[in-house]
Every structure is written in structure tokens, then in C-alpha cells.
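Here subunit A shows up in two complexes: once beside subunit B, once beside subunit C.
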Partner chain A sequence: MELFTNQVLAGIATGAIYACMALAVVMIYQAIDHLNFAQGEMAMFSTFISWQLMQWGIPYWAAFVITLALSFVGGIAIERILFKPLAKAPVLTNVAGFIALFAIINSSAGLIWDFTIKQYPTPFGSSPFLGSQLISTHQAGMIGVTVLLLLGLYFFFQYTKIGLAMRAAASVPESARLVGINTSWMIALGWGMASAIGAIAGMLIAPVVFLEPNMMGGVLIYGFAAAVLGGLTSPFGAVVGGFLVGVFENLAGTYIPGVGNELKLPIALALIISVLVVKPAGLFGRHIVKRV
Partner chain B sequence: MSAAEDVVTEAPAIDAVPKRAMTLGTGTSLLVLAVLLIVPVFVKNFIIFQMTMLLIYGLAVLALNILTGGSGQFSLGQSAFYAVGAYTSAVLMEYFNVNYALTIPISAAVCFGFGYLFGKPALRLSGVYLALATFALATAMPQLLKLNFLEHWTGGVQGLVVTKPDAPFGLPMSQDMWLYYFSLAVVLAIYIFSVNLLRSRSGRAFMAIRDNEIAASSMGVNVALYKTLAFGVSAGITGVAGSLGAIAVQFVAPDSYTITLAISLFLGMVVGGVGWLPGSFVGAAFIIFVPNMAEGISKGLSGAVFGVLLFLVIYLVPHGARQIAILGQQLVGRLRKN
Partner chain C sequence: MTTLLNVKDLRAYYGQVQALHGLSFSLSEGSLTTLLGANGAGKTTTLRAICNMVRSTGGIEFDGKPLNNRSTESIVRFGIAHVPQGRGTFTTMTVEENLQLGAITRKDSAGIVSDIERMYAHFPVLKQRHTQQAGTLSGGEQQMLAVARALMLRPRLMLLDEPSFGLAPLVVRDLFGILGKINREDKVSILVVEQNAQLALELADQAYVIETGRIVMSGNAKDIANNEEIRKSYLGY
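On to the complex of A and B.
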């Protein structure tokens, strides 16, 4: 039983990473209706920027805020420059665009900061949290930040005018335009916010997985899986999905014989797919009714 | 990336698509075939090898095109089917001494079965969810091939070495050239099969499902059957490409069939034009040659150069090579009228 609780706790700790990433994925999905494959690389690049700022002697929180601002602007710039011209292109072409963006960011980060693994500081410290060996204060801090972020987003989308406008632009663009919402800029805003949330996720994840250009590869896959499991239309679902995926993965690694580190990912994905077969819109997703 | 739904609205969105939009005209086809037949006589073995790989990847992209462009289902798992085909051929040749040519129909059958069975649970999923499911298959495949109890057959991480066949009947040809003509024959047969498939009753059922699933089912199309069938056919063709690939490269190993391969095949389809079969080969050329070109331009930034080139292509022709073909056709039509 103790093994079980320990594994669940450890799962929740890694789940916090996935939850963070899933939140960023859902944000951009809300705004543009696509999964952004380059999301992880954007987050990695932001994290590198904050690392560089700290190398120049700027304190952690100042670097944090500057990075958020830069990522927000950067996200908007990417949308305006690269993806606005593709707005009328077929969806699959857009997906190809994300893959291209992925390659560009990954390769430039490698050239600027090279591929060696770098230490990344944590603002929360890394001593055991409340005497538990499995969750460190950093991981607890990460869970705390994820929950705060979620609450912030909830209030933003539910109670602010601009949040409402963004939701309208995403769900019925034509009607939104008719009531005077600038849908094109709402999409750009969505990119900016997703990029900033990704930056937060990157900065929280980096102390755990270490900083390098490929650090997000695995995390993004789990983040996608978590977002899809929770339902792509629900930020709350994404966070719950993240924790579930973390726990799933750990329990599969512990209790199913012959599952090493290698098979953890396929088994976690297989479980998620079995859930999706029963609930095709994810656990908390809205069912979208299509007209004929 | 709600692929399925959007292919629905996007595929018929180009107005100028003529009736037989998924293929080339007879004249053009024969011309291309003649070029493909003659060129190897004049070039070096290495270039012949690259042309063989072009045909093989083209075949794999074509298979994805039937699935996505035809039936509107999106797959990131093509590398898994490719791997199954490659391993089927390699194992049969290595342990059972089966003739290489005979292994191809066998792997087609094996992969068809595999794809058909995979299509069953995938029926309930569409768009992003289907993409995730197929993606899971693609990430699982290399790990499954490395499993201990399969190692006796698959050779584990080391993989298997495949012998390249000699030209039969004492034909005065290098191995590479023979393999090229052999692949060309197989590809041609499958291409003709695919064109006819899409023009047949089943092909129309695929497209009806792609354009509107609910409408298709109310017209009497058995949606479940045709969706799984599309998966099966696509997997079968990908399996053949995998077999040919294994014979051409003379080597199979789990890490040659990762998600990167599936993503390349997807890019090939987009560059060639979704739903346009001849474009598959243009797309294959893109995914084979452009990464090499990018490496030639800048070693350190090859990924970035590749990304920029890809962006250029999708800006200029968002509908892929198909768009160029349509423009060309209209131009010829206008010239004839004058």
C-alpha cells in the first residue's frame, strides 16, 4: 500500500509538468483550433531567454517577468508574421507550418546555446516538501503555480470582456465579427498568451529535466496526451488530465511486469486511447454537435 | 488540427478541380513513365538508388494520401505499418528463405490485416483524437520491435541484414538497377490499382465519408466498413513500401521507423497536395532531397533551413504540387482556346 501511495505521489509530481504544458496546449487550441506542434519548442526558447538573462546577472523574478513579456510579444509576432498568411490555407498545411516552426526554433536554439545540458535554478528550493521524500518544494511550488494559473485563466475567460471576446472568436468567428470583435487579433492574443503560459511551463520544468534544446520533446507528447484526455475544450480538464497521465505512467511502470522506462510512454498512450474510445471528447470536453 | 473535419470542408474547396482531379491525364502519365524508364540507363548507381528510394517513399505517401485525401482520416502512424512491412520481408527472407518478390504480397496481406484491425477501435475517433491514437502506434512500434521475446526474430536493437537480390535470368544489370525496375513495376501496379480504387464504388464511398460522414451514412454507405477498409488498404500499401525499402536499404532496425518517418510522410503528402495521387511522388522528392539540400546550405542550421524552405513551399502553394498542376492545366486549356 505504501508503494502505491508513494507512486501516486511521485506521479502527481511529474503530472504537474504535464499539466502545465497541457494548459498551454489547450490555450492555443481554444484560440486557433489547432494543436501547435511547435509549442514545446517555443517554451524551450523562452526558457533559454530567461537563462541567458540570468547569466547576465538579472535576478530570477525580474528575468521571469521579462521573459513572460518577451514570450507574449514573440507569440504574437509569430502569429502575425508566419501564420496569418496561412489563415486561408488548408488545416494540414497549417500543421506542416507548425512542423517547420519546430525545426527552425530547435535548430536555432541549438546554434545559439549549443546542445550541452545546463542547470536551471528554481525559486522554490529543492528540499523535501513537508518531510516527504517524493515531492520536493520545487514540485509542490510547480503544482501551486499550475493551480494559480488555472484559476487566473478561469477568471479571465469567464469574467472579463476580452476573455469573452476570445471565446466568441474561437467558437463562432463569423457571428463574433458581426458584433464587432476583431477576431484576427483575438487569435494573435491567443498565441501570445499560449506562448507566455508555455514560458512559465518551461521555466518550471527546466530545473527538473535540465535545460537543452530537446528538453521539451517528451514533455510535449505527454502534454498533448493530457490535453486530449482532459478534453481539448477545457483548461480544467487539461490540468486534471496532466495529473492523471503522470499517475498512469508511474503506476504502469511499477505494476505491469516487463514495462521498463521504454514502454511507459506507449502504455500511457494506450490507456488514454482506451479512455477516448469510451469518451471520444475527453473526460471534461464539450461534445461538439455537427450540422449536416 | 481537427484534421478530419477540416479536410471535409477543404478538399472540395478548390473550384477548378476537374473531374478526374486525383490523377494525371493519360498523355502526361505516359511521358512521366517513359522518363522513369529511360533515365536509369544514363545515371550512376547512387542516383539509381536514390530514385528507388523516391519511388518507395512516394508509395508510402500515396498510401497516406488514400487514407487522408480519400477517406478523410488522419494518420501519424504510417511509420508503424512501414515497419511491419519491412520486418515481414526481412524475417521471411532471413529465416524462411522466401524469395524477395514473394515476400511483398505477404507483407501487403499482413499489413492490410494489421491496419484493418487498428482501424476498428480508431472508428470512434476522429481529427486530433485519431492523430493521437495513430501517433501512439508510431511511438510504440520501435519499442515493441525491441521487446525481449521478439528479439529472436527481430534481432532486437541490432536489427536484421537483408541481402540485395541479383538481376534474374542473367540480365546484364547492376543490383541497384534491377531493384529500381522491380520497384517501378510494383509501384506502377499499385498506382493503377489506387487510381481505379478511388474511381470505383468504394472510392466514392471513401470520398462521401470524407465530405460528410452523416450524409454518407444516410445515403447507405457503410461508414464503419469503409473507414476500416481505408485503413487496411493504406496500411497494406505502406507495408509494400516498407518491404521494398528494407530490400533497397538492405537493413532493418527499430530506430529507422520512428515517428520522424511518419512526420516526413505527412509532410510529403502536404507538399504533394492532399488528395492528389501523383503529388505523392513530388512530396517524396521533397522529403528525400530537401533535408540534404538544407544540410548542404548550412550544417549547424540545417533544421532551420529545412523549416524555412518548408514555409516557402507552403506560402507559395498552400495546396501543394496539386495547385501547380491545376494552374498548368488551366494555362494549357486557355492556350488551346486561343
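On to the complex of A and C.
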């Protein structure tokens, strides 16, 4: 039983990271109808920036905040420079853009910080959480920061004017323009936020997977699995999907014979395929209620 | 009366296809003007050109200021509210959020709150459903919501594209009654595009008839309604 609880809690902790990645992917998907394959690399680059800041002697939380700000601006810049001009281009052109972005960020990180694996600090420590052997303080911190982030985002989208404008721009762009919303900037803002959310995920998972240019590869695939499972049209679904995938991954690794650590990743891919076959809209994918 | 909207030699294009061929008309402040014409005559295109949602050349002046080359979202800030064909409802959002969106360019929070109450007084059915997803409203209710959303801007000019489309005759009467009231009491100038010529002419004070992208007839709405020849050849009733 203790093994089970332990695995579930650990699953929730990594699931929190998948939830963040899934949320970042869904935000951009809602805004421009494309999957951002480079979301993980953007997060990785942000994490390297925070590491660099700490190398220069800036304390953890200051580096954390500065990195969020830089990632936000960077996300906006990527949208303005690369994807705004591609807005009316065919799907494949956009896909090529995302792959280019992936490759550029990945190799730039390798060039600047090289490909050796680096230790990344945790501000929470890794002692047992509240004296319990079930979960470490860092895992508890991952869950805590994610929950704060999700509450903040919920408040932002539900109760602020700009959140309302962003939702409107994503749901009916033409009507949004007709009430005076600058939809183009709302998309850029979505990119900035997605980039910052990814940065949080990267900085939280780095102590676990260690810092290197390919650190987010697996995490992003789990994030995609979570987004597909929850439904690409539902931010709420993406978050739930993230936690489910995290728990599922751990339980499968523990209890299904022969899966172990090596076969965890194919499980995520199998999950994506099964969801697409059985319930293409995902668990919480929007089915719009409409009367004609 | 002063001219609020002045359109001169308007030509609009969808790709290579020209939809408007030098269309000119004007609308005086406080008036309720209707643009009539058959399907494909260019009525919707005219409204879309005013809000720069279609490529066009020619002069469009609002209150003496040129609107050409301004983005759709900045034209709204002049006080022009456009209710598009198909109503443009934010179907996944609540009725109240739809109304808030109508006022999203306004800064006066207190005024917005009181205007939402005013809309609920105009359209009681919206108050009953204010927390409901707007997509679940009936066609008529959605049209009321679209008009209310436009009014939330406190517009000087409201552009309405086929408000009667798909609505039951009684609902249309109701809606047109409300439009007349808004025009008289709130001093909102209205430009309404309609296929239901008979009803539009009853409501309007000024009318223009469009055929294949050109104005072919203009004048007092009563005169046009009383002219049997025009009615038969252009309006089909």
C-alpha cells in the first residue's frame, strides 16, 4: 500500500509538470490552431537562462522571476518574428516553422552551454516532506507551485478584462475584432504566457531530469499526451490530463511487469494513440452546445 | 442635419472579384437608414468595407474623419458597432460575458455595470439567462443579445446585417420595434441591411437600393415604399 501511495504522489508531482506543459501547448493551440513542437525547447532554454543567472550569483527566486519575465518577452518575440508572418500560411509551413524553431533553440542551447549534463538546484530541498517518506519536499514544491499557477491563471481568465478579451479572441476572432479587441496582440500575449508557463515547468523539473539541451524531450511528449487526453480545446482538460498521465505513467512502470523505467515513454505514445482512436476530442474536449 | 457617415466611390474586392463598383451614399446623424437589395447585391460587403474587413478603395468618412486603412478594431473605437450576419455571438461564453465584451473598449466600469442593467431592462429575456452559455439561446434571443452587445459600446452608429435573418415574423416585429426605440430614445444612428424590404422601409427614414454593387435608387423610405414600380422591379413585393 505504501508503494502504491508513494507512486501516486510521485505521479502527481511529475503530473504537475506535464499539466503545465499541456497547458502551454493548449494555450497556443487555442490561439493559432497549431501544436507548438518547440514548447519543450523553449522551456529548456528558459531553464538554462535561470541557471546562468544563478551562476552569476543571483539568488534562486530572483532568478526565477527574472526568467519568467524574459521568457514572457521571448515568447512574444517568437510570435511576432516567426509565426505572425505565417498566420495565413498552410499547415505544413507552420509545422516547418515549429521544427525550425525546435532545432534552432536546441542547438543554440548546446552552443552556448554545451551538451554536458548539469546539476540544477531546488529551492525546496529534497528531504522527506513533513517527515513522511512518501514524498520529498521538492515534489511537494512542484505540486504547490503548479497549484498556485493554475489558480492564478483561472483568476486571470475568469475575472480580468484582458483575460476575457483573450478568451473572446480565441473563440470567435472576427467578433472579437468587431468589439475592438486587437486579436493579433492577444495571440502574442498567449505566446508570452505559454512561454512563461513552460519556463516554470522547466525550472521545476530540472532538478529531477538534470539540465541539458534535450531535457524536455520526454516531458513534452507526456505534455502532448496529457493535452490530447484532456482535449486540446480545454485548458481544464489539459491540466487534469497532466495529472492523470503522471499517475498512470508511474503505476504502469511499477505494476505492469516488464515496463519499468525504459518503457514508460512508449506508454505515453500508446496513450495518445488510444485516446485519438477512442475519443478524438479527449475527455473534456469541447462539444459546443448549439441550437439552430 | 449633419452627415455622420459619408461613403464615396467605394469599390471592394474579394481576391480578384470586384463586389462593389463605385458605391456612394451618406447617412445623417440620428437617422435610421436601410440598404436594400437582392442576394449578392453587395449589402454585406458594404458594411464589411466600412469596418475594413474586406479590401476596398474609395472614401469612407465618419464624422468628417477618414476610416480607410484603419484596422477593424480601431474603427470600433470611433463608436461604430457592427452586428455581423449570423450575429457573431461568443457561443461558448455566458450572456453576461457577451455584454461585457461589447464594452471592452470602455474604461468606465460603473457605466458598464449600469448599462448591463439597462440592456436587461430592454431585453428581459437576457436577464433571465445571464449566466447561460450564449450558444444555447434561440435565434431570436441571440439576435437580441447581438444588438445589446453592440449597444454596450454606446455607439454613435450601429451597423446591422440582416437582423431578421432566420427569425419568426413575430420576433422580427419585436426586434424592429426595439431598434426604432433605440434610434429615437438613445439617439443612435442606424444603418440596417435587409432582405425583408417591406419591414425595413416601415422602420427606416432613408433608403438606398443596391444592385450588383451600385446604388440604383435612393430617397425617403416612405416614397420608395409607395412607388410601385421600384417595389416590383427591385424589392420584389
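Convention: the second predicted complex is superposed on the first by the 271 of 292 C-alpha atoms of A that agree within 3 Å, B and C clash if a C-alpha of one lies under 4 Å from a C-alpha of the other, contacts with A are read in each partner's own complex, and residues count from 1 in each chain.
Heads up, the rule we're going with is that a residue touches a chain if its C-beta (ideal position, glycine included) is under 8 Å from a C-beta of that chain, and two chains touch if they have at least 3 such contacts.
Keep in mind it's a predicted model, so treat the numbers as computed, not measured.
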* To do: Pick one for A:T183: touches subunit B only (first), subunit C only (second), both, or neither.
  => second
* To do: Quick one: classify A:F224 as touching subunit B (first), subunit C (second), both or neither.
  => first
* Would you check which partner chain A:S175 touches, where first means subunit B only, second means subunit C only, and both and neither mean what they say? => second
* Asked: Given the touch rule stated above, what does A:A165 touch, subunit B (first), subunit C (second), both, or neither?
  -> second
* Could you let me know whether more residues of subunit A are touched by subunit B or by subunit C? => B
* Considering only the touch criterion stated at the top, classify A:V277 as touching first (subunit B), second (subunit C), both, or neither. => first
* Structure fact -> After superposition on chain A, the subunit A residues reached by both subunit B and subunit C are 290, 292
* Across the complex, what residues on subunit C touch subunit A? -> 51, 53, 71-74, 76-77, 81-82, 84, 88-93, 97, 100-102, 104-105, 133, 135-139, 149, 153
* Using the touch definition up top, name the residues of subunit A that touch subunit B in the complex. => 33-35, 82, 85-86, 88-97, 99-104, 106-108, 110-111, 221, 224-225, 228, 232, 258, 262-263, 265-266, 269-270, 272-273, 276-277, 280, 290, 292
* **Parts of subunit A lying in touch with subunit C, wherever the complex brings them together** => 161, 164-165, 167-168, 171-172, 174-183, 286, 288-292
* Structure fact -> Seen from subunit B, its contact residues with subunit A in the complex are 1-3, 5-7, 10, 13, 68, 74, 121, 124-126, 128-129, 131-133, 135-136, 139-140, 143-144, 146, 148, 212, 214-215, 263, 266-267, 269-271, 274, 300-308, 310-311, 314-315, 318-320
